[in-house]
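The following blocks contain the structures, represented as structure tokens.
Next come two complexes built around chain A: one with chain B, the other with chain C.
So, the complex of A and B:
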């Protein structure tokens, strides 16, 4: 502690900027970790809180996935001996068409019994109006809104509120305003309550409910009720506490969460290398100080602990700053995740506040601290080994990076061999270690470890390879810069390793994005080929508003329409996972689809599915759940269990968790639901799609809410959403550039300190300031170039692993391996420019350094 | 005394007395307390069941019709008015009733169909014309307030005397009228939201004068009857006032155009019938 105060503190005070750079490494790692996880958790928390607030005193909820079920189920639930009160609910997302307001979550409830479960906490002035459920339910335009929404819209009780419904834009009358707490604060306050039967009508639900919320009789347990209701309703229903919906939402977001985890892990690794580099600077710069301490009797152990103590303090400070910074950026990231989730998953959930999880913050603090200490272990050991005699000799410096140890190469070779073995034999793993996936991830980690272990050696080899080129370009400066890199490969390798990791992540994400684009575009071309799509919402993934089937023939009768296909899609729970069911007229689809199955015979696949004798599943579902052609699927539905074989596996990206395609007749039979989400419209040859679109809009104007998208618009929409999903890549690129700047500044600082005598001699023998500058610049560019080369190499490997993860663990997508050349080409100028920027300050520092001081010994 | 009351003399009795009528809204609340009275009129009957049975017997009619004005006074004294027409076919546990709102405009046409049963709770459906939907009022919801009034849906039911046990608590007065004070407890505790009720039956007419309903030990609702008239020989309170003792609000129902034993068809008491538009 005394050493920290007497030795370390004055050093920090003398080198404020350097200290900030040191801390920046850990701040970056912790901030990315905290920011991304907090944002992700905030969105999940916002969803759970919305569920909780809406649930009120609900103890169990009866659902059938997203499909809803017939009203009669309510009476069956109410008749259960364990149930005290059971109330129906319809949920819909409705657009307000108000700038800055967005969508409302409309909760359709039966006011008669619902107040047993939910407290609407109405403002006193509205009590008389809404306490009278008669007025409320007699008028289908009745709506209750939250105080927050009323304030945002500057509306009050009695005011009109336009909403887009299945029947077009309808003007609702606000008959109550809920106080801004509890239920009213769900969904960020964008919540409206209306009568459940009016909601059915307004949102095209027919005589179905989305779910039933229930409370139990006193003395009865949740397990008892689940057992009784399970027996009463059959396997097609889920009977879970409200928290179960949060878990389903979490499952839907699993893919995104996994990407966040990967990014966070890389950020921490990168932070570790920046710290390593920073401590290397400190050890180099304070060699004389260490020599004096050793001469005065300080033991090696004390020196080691001094540096480890400094790293702990640095880690603590960096982690604390990282926590704060992470929480700040979490808000921005959460907002973008909210938009993404709304667009990709059709679940509009905005994180209205950041959920600070103490466990996460504590973990981040501990990880930051541990990373910092771990990163300082090698520099601390080096410091402890400083020879006091050499250190006190002016003009002599100890070459810390004395070359690669054979042990390191040996370990790297062993890890490499093991990694290759894991790659070659992924299925040999015993079950107790998690089966083939554990082996796969072990192989992945080993591959990264090999790259890290070999980075000093590879940096050296590349620097040697660069030397002739640099010398040819700039005989003096080029040779000096290359020699500097060759003489101290470990000094360079930390920056290179950080850069390499960062670029490897960017390359892998870029490659995955490219492959996904190609695959999605291919799917769009072959499967989504109708000319027009008629939908009840602008958002193609919103399934809470539906059309009646009678609209199909009406659209078909419009001039210029050749064919109409009715599509009903909804998420259901299949083998404890939310997957998408897509019900369509398969015989018609066969006439228009141009896609070949991944497995199965095209002709029999369509024939059997159309006849209701089989099901088609998406390739991603087959991959994720290990489904095979011919396998008998059991799908529990509200009106029985579907038992049909898989007759075809096709590429379909309707849902990240997978899709089951069936004929509409099968869906109608087992769900008793003939509503439609989308009409796929094919235009007659010679007819104008724009003209048909206009006629469809005019046909339903004022009658129904109809959005007609052209094929090109739909594709653009899907690609835009895909863009959002891969927006993470741009964050990674920003981190990579930051890493490049930080790492290279640090490396060059070390380099200049190490070479101050050499630089002094150069100046003494007549080297111009410009030459010194260019030497440093070339060194920086070389580091950037080496980092790019190694980053691309590791990125190529990383991409392979990421595609495997996507295929088997995240989305089940079979993506082709294509190195993202365009991403790589974009990174070259970005990183080299960053390197050059990073070299400015160290170069000026080298130029201004005192010649007398540098040559004092001479 | 109105014209209807003058049409028919008192049915029985050696000394002149007014006959009791406990029909409330035709069947609201107190009809539960009606009953067959085996003893001679005016007798000092002390058996509570016999008193209740007599009260029910005296209000027995083949049908009932009236127009009601419902006034809800909230805790601040504000009033909200609604009007309805009420028709009932049959009596007590074997009756059907349709209650149809006529004003204000926003609730006009909303109808409630009640089918009473002698041995269990009634079935109730509501029709909302603007939504074009009927909905069943679930048994679990019967304890909730009836359309913002201080009555509950259960209070609309007509139950037979046999569904309760009775205990004489003694004599009491409501206003200036001497009454029997009788405690009634539902035989199946889960069939009612109330654990017990105390009913005051006037000794002179066997009309129910007050009902106080309890949940546990707490009195939650009190219904007072006043402005008695004899309509076609049946003593009927023209004004009923229900107080929600927990909320501090009260609802007053005033009966008008009261008519008993008018011809009515069974077809008028079906779901199809209540869906018909109001003229």
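So, the complex of A and C:
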């Protein structure tokens, strides 16, 4: 401790900027980790909190995925001996058409029984109506809103509230306002309550409920109730406590969470390299000081602990700052993640506040601290090994010895061979290590390790290769810049490694985005080819408002319409995973699909599926769940278990977790539901799509709420959402640029200290300020260039692994490997510009240094 | 080829190569130190002058001011008739580049450059074409008898050889003024003698003005004029 105060503190004070740069490494890693996880958790938390608040005293909820079920199920639930009270619920997301309000969560409840589960806590309203549920029900335009919503809309009890429903825009009358707490604060306060039967009608649900909320008789356990209801209702229903819905939501977000994890991991790794770089430099600079300490009797152990102590203090300071920045980042990105999740998954939930999870913050603090100390282990060991006699010999320790190079190459070759073996034989892994996936990830880790081990040698080789070119361009500045890199590979290599890692992540994500984009466009072109889409909501993933099937023939009768396909899609739980069921008239689909199945014979696939004798599954579902053609699927539904073989595997990107396609008749039979989410409309040859669209809108005006999207609009919508999903890449590019700047500033700062005398000599023999600046700039550009080259190389490898992860662990998509040339080309100017920016301060510092001091420097 | 010039004639009134007029240099720190105190001095063209004095007498400060490496606190320094005060940093650099060659005690060769590259360095900085730089560097290395060590790095040379390369570099543009700070201070007696002989030979042959800062009385005695400094003032100025 005394050494920290006597030795480290003065060093910190003398090198404030450098110390800040070191701390910035950890701040960066921890901030990305905390920011992305907190934003993600905030969205999850907002969902769970909404579920909790809406649930009230509900102990169990009966659902059938998103599909809902017939009203008669309620009676069966109510008849169970364990159930004290069971009430039906319909949930819908509706638009108010009011600027700045966004979506509204409408809860349809049975006012006669619901208040035993939920406390509406009304502050005002027509007490007589609210207190008498029958009167409330008798007036189907009745609605209760939260205080927050009433304030936002500047409305009160008795005011009218317009809502877009399946039957067009309807005006509701606010009969009560809930106090701003508990239930009223769910969904960020954008909550309204109406009668369940009115909600059925308004949102096109027919005679179905979304779920049943129930409370148990006293003395009965949840397990007992689950067992009794399970037996009573059959396997097509989920009977879970309200918290179970949060878990399903988490499962839906699994792909997104995995991306966040990968980014965070890379960010921490990058932070580690910045710390490593700083400490290596500090040891180099302080060799004389270490030599004096050793000569005065400090033990190796004391020297090691001095540096580890410094790294711990740095790590702690960086982590604390990182927590603050992370929460700031979370606040900035949570809203956009909420929108993204709502757009991609159709689960409209908003993160109205940041969920600061103490466990996450503690973990981030511990990780930041551990990363910092781990990064300083090798430099601390080098410091402890400093020979007091040699401590004043400048420069020697910078050079990579032949022995060290050989050792690095040896270890890298062994890791590389093992990594290749993991690639070649992924199925040889014994089950106890986690099977083939564990081997795959081991191979991935080893590949990155090889890159890290080889980065100093490769940096050196590239710097040597660059020298003739740079010398040719600028005989003095170019040669000296290259020599600076060649002479001190340690000074450069950690910066290059951090840059390499960061660019590898950007390249891989960019490649994955490009490949996904291409695949989705291909799918849109070949499979999703109707001219028009008729939907009940502007948001294509909102499935809470539906059409009656009778609209199908009415649309078909409109002039210019050649074909109408009725589509019902809903998320169900299949093998404990939420997947999408898409029910469509397969006969008709066969006529319009222009894409061959991935597996299976097209003709028999359509024939068997249309006849209700088989199912088609999406390729991503097959990949994720290991499904094979011919395999018998068992899908529990409210009205029995569907047992049908897989007759075809097709490309379908309707859902990240996978899709099961079936004929509409099968869905109708097993769900007793003939409602429609989307009408796909094909326009007759020669007819104008715009004209048909206009006629559809006019046909249903004032009667139904219809949104008609053209094929181009739908594609644009999907591609926009895809862009949002990969918006993460731009965050990573920002991190890469930051890393480049941090690393290069650090390296150059030390470089100009090391080269103080050399730069002084240059000035003494006639170098102008511009020439001195240029040599520093060229050194920075060279570091950027070497980082880019190695980053692209590792990125190419990283992309391979990421595509494999996408295929087998994340989304089941088979994506073609294409190196993202555009991303790479975009990175070149970005990183080189960052390198130049990073060089500005060191170059000016070099120019302004006292010439006399530089020449006398020993 | 190397120009053969003679010592300028006494007739006519060309400005002195170096002229100092009441030059003072103070260093501000926790305690103010006056390294040079109102020094005035003229060094005519072609003269070989040694500056001697104990440590801290201001020898190196004087050399740094003449070479434009440092600026006086007050007073005026003229080099080849050109006043250095008022010149920008780059202006001072241009004076050094065009008029002055430096020889340092610790050679100050760039360790990553070969002999020929080190010698060519000032010429590249002036923007000379590569071929011309190479030709001049070869010529100069031959002049200091190092024609056989062209591609050697400084680490591969002896102390004397390094100083020869440094001298060749200082001569790269055949500057009118050569400044040497303890040129033999880091060499053994025999090698020091050889280097001094080389400087004298070059002075005789090229006619440059040479100013040598030294502790070594033998080196001082070999020059036509010796200026002794003590506590920042000239205490003796002897012409032989």
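Keep this in mind: the second predicted complex is superposed on the first by the 820 of 858 C-alpha atoms of A that agree within 3 Å, B and C clash if a C-alpha of one lies under 4 Å from a C-alpha of the other, contacts with A are read in each partner's own complex, and residues count from 1 in each chain.
One rule holds in what follows: a contact is a pair of C-beta atoms (placed from the backbone, for glycine too) under 8 Å apart; a residue touches a chain by one contact, two chains touch by 3 or more.
Since the structure is predicted, the reported quantities are computational estimates derived from the model, not experimental observations.
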Point to revise | First (chain B), second (chain C), both or neither touched by A:78 | key: first
Check your understanding: First (chain B), second (chain C), both or neither: which does A:292 touch?
Key -> neither
Exercise for review: Once the structures are superposed on A, label A:611 by its partner contacts, choosing first (chain B), second (chain C), both or neither.
Suggested key: neither
Practice item. Please indicate which partner A:764 is in contact with in the superposed arrangement: first for chain B, second for chain C, both, or neither. Key: second
**Study point:** Partner chain in contact with A:479 - chain B first, chain C second, else both or neither
**Key:** second
Check your understanding: Where does A:487 make contact in the superposed view: on chain B (first), on chain C (second), on both, or on neither?
Key -> second
Study note, to complete from the structure: Within the complex, chain B is touched by chain A residues 74-75, 78, 83-86, 110, 112-113, 115-116, 127-128, 131-135, 137-140, 195, 197-198, 200-201
Revision key, fill the gap. Listed in rising order, chain B residues that touch chain A in their complex are 72, 74, 78, 80, 82, 101, 106-107, 109-110, 128-133, 135-141, 144-145, 147-148, 153
Check your understanding: So in the complex, which bits of chain C are touching chain A?
Key -> 64, 67, 69-70, 89-90, 93-94, 96-98, 102, 104, 106, 108-113, 117, 120-122, 124-126, 130, 133, 169
Practice item. In the complex, go through chain A and note every residue touching chain C. Key: 475-476, 479-480, 483-484, 486-487, 757-758, 760-771, 847, 851-852, 855, 858
